[in-house]
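When the chains are written out, they are named A, B, C and D in that same order, and each has its own residue count from 1.
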């Protein structure tokens, strides 16, 4: 067991993970997918019971950089393995898109305690920005991603007054109302394509067409690999950003505002400033990745941005463990991949999903991977 | 008709979460008597009340009302056994009228005649409540709310009335008034367990008393004994 | 320059019909330890809450070191040099000891986005010096926690939480420290220890005044220079502990009138 | 709409429609307010309980008419009784097995919120998957008289009058129950102060269960009303109705019966206003109504009907 806490163990674990994900992606028959799902569940359970998970956890903590590199290598490895598989590359990228979106939501709600049940609406705001701008302007696409984020921030500011003035249930209704409003608004706006939706041009960065298949030395690579690579870069930035926030005075402010506003105010923390900051940061990330998602799919419709989708984002955070980055990654993967793969349960996926969330909240209220204590960067003086 | 049931707390320990607040406390409220529990803030008086009423059940030891063990009995059933409570801070139902508050005090009473009878008694004790019976309790002054709370406690014609810090936040004049009423209630036959920090007036009306300090009984005796005891003074000015 | 740190004049607080504070005049002298005592519900904690800006005042004026602080929001009051602890230790139980204490240094820490997120080197430097100050205070008040700075506060018993709270309140070098029932949830001995340490710090810092709300008279008598007694929101008496404990008004407030 | 004089008949039709919608919203909002009152929780599955109520009603109708019963009065009565029983039981089971235990374990409010949201999904999906051909809209039988009263050019449907009166009776009845009966008094006491209510000898848990049964039963009635009025129900009808009812309860002032009613009619009024008086396409009526809800909440963060007494007693 002890081997799991050193580099060899981590290497082995990530290798197993990579092989597992690759086989899951590749699996066609429902039986295989079913077996693989059960395998994952039992491995998780056994790991928890035997202390293997804790060992691995300890190892990862001690070899942080090595683990991240291994994990990254594993993802890239899987992507290379799936290089000509449109469907699975798209799915893998979609998982990353959801991870990024939820990281945005997590800043608002995991760190700062701001309930946002309109995540999909801000995500959609970015998407529609991309639709309008790619169709009607020549603005460089990278810039459009940024504009998507900024539009989401601006739309968020419409809600800022009620968000600041309300708490708890009353705050929830503000974002729920906005979520429903947004969906109806895009559905009935002819300018945005109405219920039929709107086409979005594919990404093109400095002349590099993302929607063209790549041919390297005779190897045919799916055009989704372009999106995969960019999503991975965005994901790494989003994770670095989230971690930097968490391990800074800003993260500390966010946490104290979430946990005890009165005490925080008594020690000089400006509650409004940090709520606005968290809300804007989260919406920016949601809008930016929403624009990316729209450009990848090439098409968006109001049905992608319903209250139900917002709910899925909030569920991912709660399932993963509020505030926990690895938790969000794991939960996004489960929530996106499993229903896609288990076509046999396709019809029942919402039911199973809902029951699953209820069970996890009842029996594991802190989520799959609980958020770790804040680790500030080590200073030289603390070497010992 | 005088009460005949004693309340006995034997070697009881309880507290909240990981912390024990009461340690090995034994207290008896004799039938027909006014028994008082004295002590400064934070001595554990209110926790004792909560324990007796089943809101914070005892972790060890037991609580018995007459022959019945009520250590683990749920609160609404404890009330059904003939105990009634005037909670700390009065705790009237602020959105209800005076009459509704009083009727809630008689929630367990089935017979409308009995309720009417109790109402008559309460109105006799507090004519003001009769005048104000349709007023919303939350809009009344502290003194008036105290009347509502005491009246409500009497509506079920209890054997034992547990009164938690009736003087809290009341003007001195009204405190004196309240103590007179407590004596009157006792004279009519109801046993009283009175929890107070106001030592002199409490001892003046009670028969027997206990002094709590740091969650333990630090002194007990008849009120005469306690009045002359240094223990009481030192429980406050140590 | 006068000898007065805090001067509250005619402070009134009403909650609906209830008068929680009734024209209270109160002065805290520089470098003194003032006991604020009175029976339950006499308005002691309300006074703290008004002073620190959690409640608004109905009437009256409060000056701190010559500056009017009436109606200031809590952040501003804190920045002017008033720091406090809470009756029910208000710590963030999920957060570490370090986090909880470090928030007390908030005004001294650079809160800029660039500084915190991008300029990590500068941040690390500031973190280092903050860490040293936190460690120093913890070493003084709770040496056994020195090696546990990264453990969540929820893991520790009440006495440690109180100590952490005091460290948080002291980290920003306040000029006035408000202690709200530090003995709640602790034994007499534990309270005594903690108070001795507070007095020790006060002596070392020199320019620190302390107001303490407490019902354990043993503590009040040991550590206060002067006491103010409240009853029904009114100041009924002030003086040294010896004076007030002999005062008939005070005895009446605590022990009650004769019937 | 070209801004010219509106057809009176059409105008009246909008008003009647608005009143009916307002009634349904108010009934849903009353449930939210009751649950919040006794347990301080938002039970988000409430809208889907309405769906379950409507579908139980339909099931009862299909079964009974299959047995040859054709008297509309008897049918309607049995349909209502069955739907009421199903939802009341559902409400109690949910409270007993899920909500009270969560409350006692002091689960974070957010977890409870999400659990009830997911519970709503479970109910909705169950209807969709397990009701025969559940994913498509179902015709709801006409059990009320179909005639109309002609007033000038405007024809008032008798069934709408009956439904409106029935809804009003339910609200008045609930109000009577809460304010004038012993059970209602106990519900009020539990809502104001859990601990003191126990000190009065009130069995807290059973009052909570009864309140959940009551609120859920009212939702079933709202569902059946909706079905009878539009002659159509579908598995997702509760989603929007729940969200609107929740918003209505919030803008009225959560925990306040009058607030819920006010909120319900206000929301319907906003929708009607958007359709009748604003120069925007009809489809924008929900956008307008929800936008006003957001503004109202910013203006009055705890609802329109504020408490009359001070917080600290």
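One rule holds for everything that comes next: a residue touches a chain if its C-beta (ideal position, glycine included) is under 8 Å from a C-beta of that chain, and two chains touch if they have at least 3 such contacts.
Just so it is clear, the model here is predicted, and its values are computed rather than measured.
Farthest from chain A, judged by the mean position of CA atoms in each chain, is B. Two chain pairs, A-D and B-D, are compared here, and A-D has more C-beta pairs in contact (counted per touch definition above).
The distance from the centre of chain A to the centre of chain D, with each centre set as the mean of the Cα atoms, comes to 35 Å. With centres taken as mean Cα positions, chain C sits 43 Å from chain A.
Separating the centre of chain C from that of chain D, both taken as means of CA atoms, is a distance of 50 Å. Of all residues in chain B, none touches 2 or more other chains. Shared interface positions of chain C, defined as residues touching 2 or more other chains, are 17-18. Of all the residues in chain A, the ones that touch chain D in their complex are 115, 158-159, 161-162, 165-166, 168-170, 172-174, 176-178, 180-181, 184-185, 187-188, 307-308, 311, 314-315, 318, 347-348, 350-351, 353-355, 357-358, 361-362, 365. Residues 18-19, 40-42, 141-142, 165, 167-169, 171-172, 175-176, 179-180, 197-202, 204-205, 214, 232-233, 236-238 of chain B touch chain C in their complex. Within the complex formed with chain D, the chain B residues making contact are 53, 55, 74-76, 79-80, 85, 87, 89-96, 100, 103-105, 107-108, 136, 138-139, 145, 152, 156.
Interface of chain D with chain B (complex): residues 182, 185-186, 188-189, 192-193, 195-204, 307-310, 313. Here chain D touches chain A in the complex through residues 36, 42, 102, 107-111, 113-115, 117-119, 121-122, 125-126, 129, 239-240, 243, 246-247, 250, 254, 281, 283-284, 286-287, 290-291, 293-295, 297-298, 301-302, going by the rule given at the top.
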